[in-house]
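Chain lettering (A, B and C) follows the sequence in which the chains are written, and residue indices restart at 1 in each chain.
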């Protein structure tokens, strides 16, 4: 009898813990939306903060976030996918793979402040890029590399060996096989990695604060669009941190709403791809 | 077939042969280039870890020589911009350790119970819903956690503080931005990591172990806590170690809720962590102050590398056990 | 007549729509070894699992009829399954010690049932290990992981683990099919030893084994208990044509 009571008590705690996790999510999303929704309007999304007009806007930060995300992926995706291909298709085990597994895992466990410090002195200092969108993107590329590699590798592993044997049997060269069979088959996994990476980029703040700075202006059109890459640019998260520190809470909550929408959209994409992959395999 | 056409169309056959030879050598070149490029990509991560290590060491050590190891690590006075500055980070290191430990103590039990719920207790559909919620929690940016902590948790803490220290003269009120708030926020932030990795580990426990336990008359709860969780121990250890890494390395959320003064790490004191020292001071620091901040970064880096090494050890151990 | 330990009465079992056991009415004698034989998928393992209600664990199972242990229906409402399983222990096909020390493996059952005293536990562990004829091989390393034992040792440890809760019946589901011949011999000898104290029911796909170790044999086919009786008579003069075909290797 005592045992039954103890069992139900512990089961109750298990249910309680799970309920707590769900309530946490609901609470966070609900709170941010309720508090932040009044601030999200057209001007907020399409203009930059102006002291003259006394208006706040995050258009510059939105554009910066977009720049940083795209540039980071341009650097990280080829390298990450390439690494996965090498590990799965060329290396065939051995010390090389173990070393790369170790370093990838090390990168995955590195806190973003460390990436920030490194990016600041290496890309910003040694390479002379200063506080800029480019510095930030290069830094984040190192940061999301493990994510891309890991997902691409898992996807490559899931490609059945019969594909490889079939292609080899038809006299295809390795590169041809990788290009025409393996990479397309692994595409859902690669795309999942990319989307997860976007999630990390959008949510990142510490590393970017130290490397990309906090500029909030929109790029000039024409040449300025390119030039923006070498200018300082604060993403949404960085701006949100700064708003919080300066006690501009309304603005912070408004950005919070935008960020949560992005996070939800990203999560939805990952789920859709997972469902799609399940259907075709 | 081929030699017949070779006789009849001798010339074009020879040309085709030539072309094929040319194609083959070009194909070989492409193959070599491809392999080289892939190899380079693969070793980028090695390059990255090596250069991060190098840069952290190169930038972090000068201050140690200028200030002295003892005066940095074991002195508790942090006055980087005073006329006679002192750069003791002892309390900062201690705060990081205390905050992480508290976060793990608070967060891991809840996370483990949730993982048990997902893997052992919940019906499939409910598990899918809760699992999705956990995944979403993992995706929420740390600034948002910080903001919620600041707007919701800190006021609660302040009220608590006022009640507890109402009759303690000399207590410095923090307005709720203290070590306990930071630990709570960290506990919540490490939960998704710990949950998902422990869940995987629990699911991987073979079903026949559960069956044996039931056959001995054990209840479900007994089976979970005496057989399943012990069998999943290596995986759970991995989850906890990763959680420790996350808690130790988190910067933005805690910088918003922890107050930020250098103090002995007690629950209701405003504290500064290794990470928050970096993000809050790097912007304006110069000279020796900046160099010392890099030493702070180096200390954090060493901690994280130690965690990574122990993680690697656990994973290797696990591989050996699987054989 | 001998004591009847377990009796089933028109036992029917359904997995969803599959009719896995059909009208099984048998009697299992106390202090004897009963072997269940038959081709794979014939229901012999399923039948074994109904005897300690292990089928309860797999979802959509429906059971009709009765299983009586010492005359009491084990499927009656209000029966404590934990107590039942303590009386009716089970050993599985795969030797599956828990990933803990040898001592903790054997002490697991008693602990689950609330025994905490060290002296008592030590006594139970030693007795059970002796009972499973493995004491001499492991007494020097009780605190070492059970995963380091050989396959045959693991299986005898699992038998010791089952014995530690002092059951009255031991169910064994193909206990030697994952073992090498030498270990098999040891486990078979142990079975003969065990029947002095316990009622043993063993599922086996190996007819020679059934002939060697059992007193009674039940032959199952497609969910039916086709023929039951003393091992000697079942093997020497089977009454049913299908039994004859099976023991002469005509199918299965």
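Note that a contact is a pair of C-beta atoms (placed from the backbone, for glycine too) under 8 Å apart; a residue touches a chain by one contact, two chains touch by 3 or more.
Since we're looking at a predicted model, the values are computed, not measured.
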Shortest walk length in steps over touching chains, chain A through to chain C: 2
Of all the chains, which has the CA centre nearest the overall CA centre? B
If we define chain centres by averaging CA atoms, which chain lands farthest from chain A? Would you check? C
Hey, which pair has more contacts between C-betas, A-B or B-C? A-B
Report the inter-chain centroid distance for chain A and chain C in whole angstrom, where each centroid is the mean of the CA atoms. 55
So what's the Cα centroid distance for chain A and chain B, whole Å? 15
The distance between the C-alpha centres of chain B and chain C, rounded to whole Å, is 48
Touching two or more other chains - residue numbers and ranges from chain A: 3
Residues of chain B touching at least two other chains: 219, 222
Over in the complex, which chain B residues touch chain C? Could you list them? 206, 208-209, 211-219, 222, 226-227, 230-231, 233, 321
For a test of understanding, state which residues of chain A touch chain B in their complex under the given definition. 3-4, 6-7, 10-11, 13-18, 20-22, 24-26, 28, 31-32, 35, 78-83, 85-87, 89-91, 96, 99-100, 102-107, 109-118, 120-122, 142, 145-146, 149, 173-175, 178, 199, 202-206, 209-210, 237, 240-241, 244-245, 249, 252-253, 256, 259-260, 263-264, 266-267, 271
The chain C residues in contact with chain B across the complex are 52, 54, 57, 81-86, 89-90, 92, 94, 96, 98-100, 108-109, 111-113, 147, 158, 161-162, 165
Listed in rising order, chain B residues that touch chain A in their complex are 27, 30-31, 34-35, 37-46, 48-49, 51-52, 55-56, 59, 109-111, 113-114, 116-118, 121-122, 129-130, 132-137, 139-148, 150-152, 188, 191, 195, 219-222, 225, 242, 245-246, 248-252, 256, 275, 278-279, 282-283, 294, 297, 300-301, 304-305, 307-308, 311-312
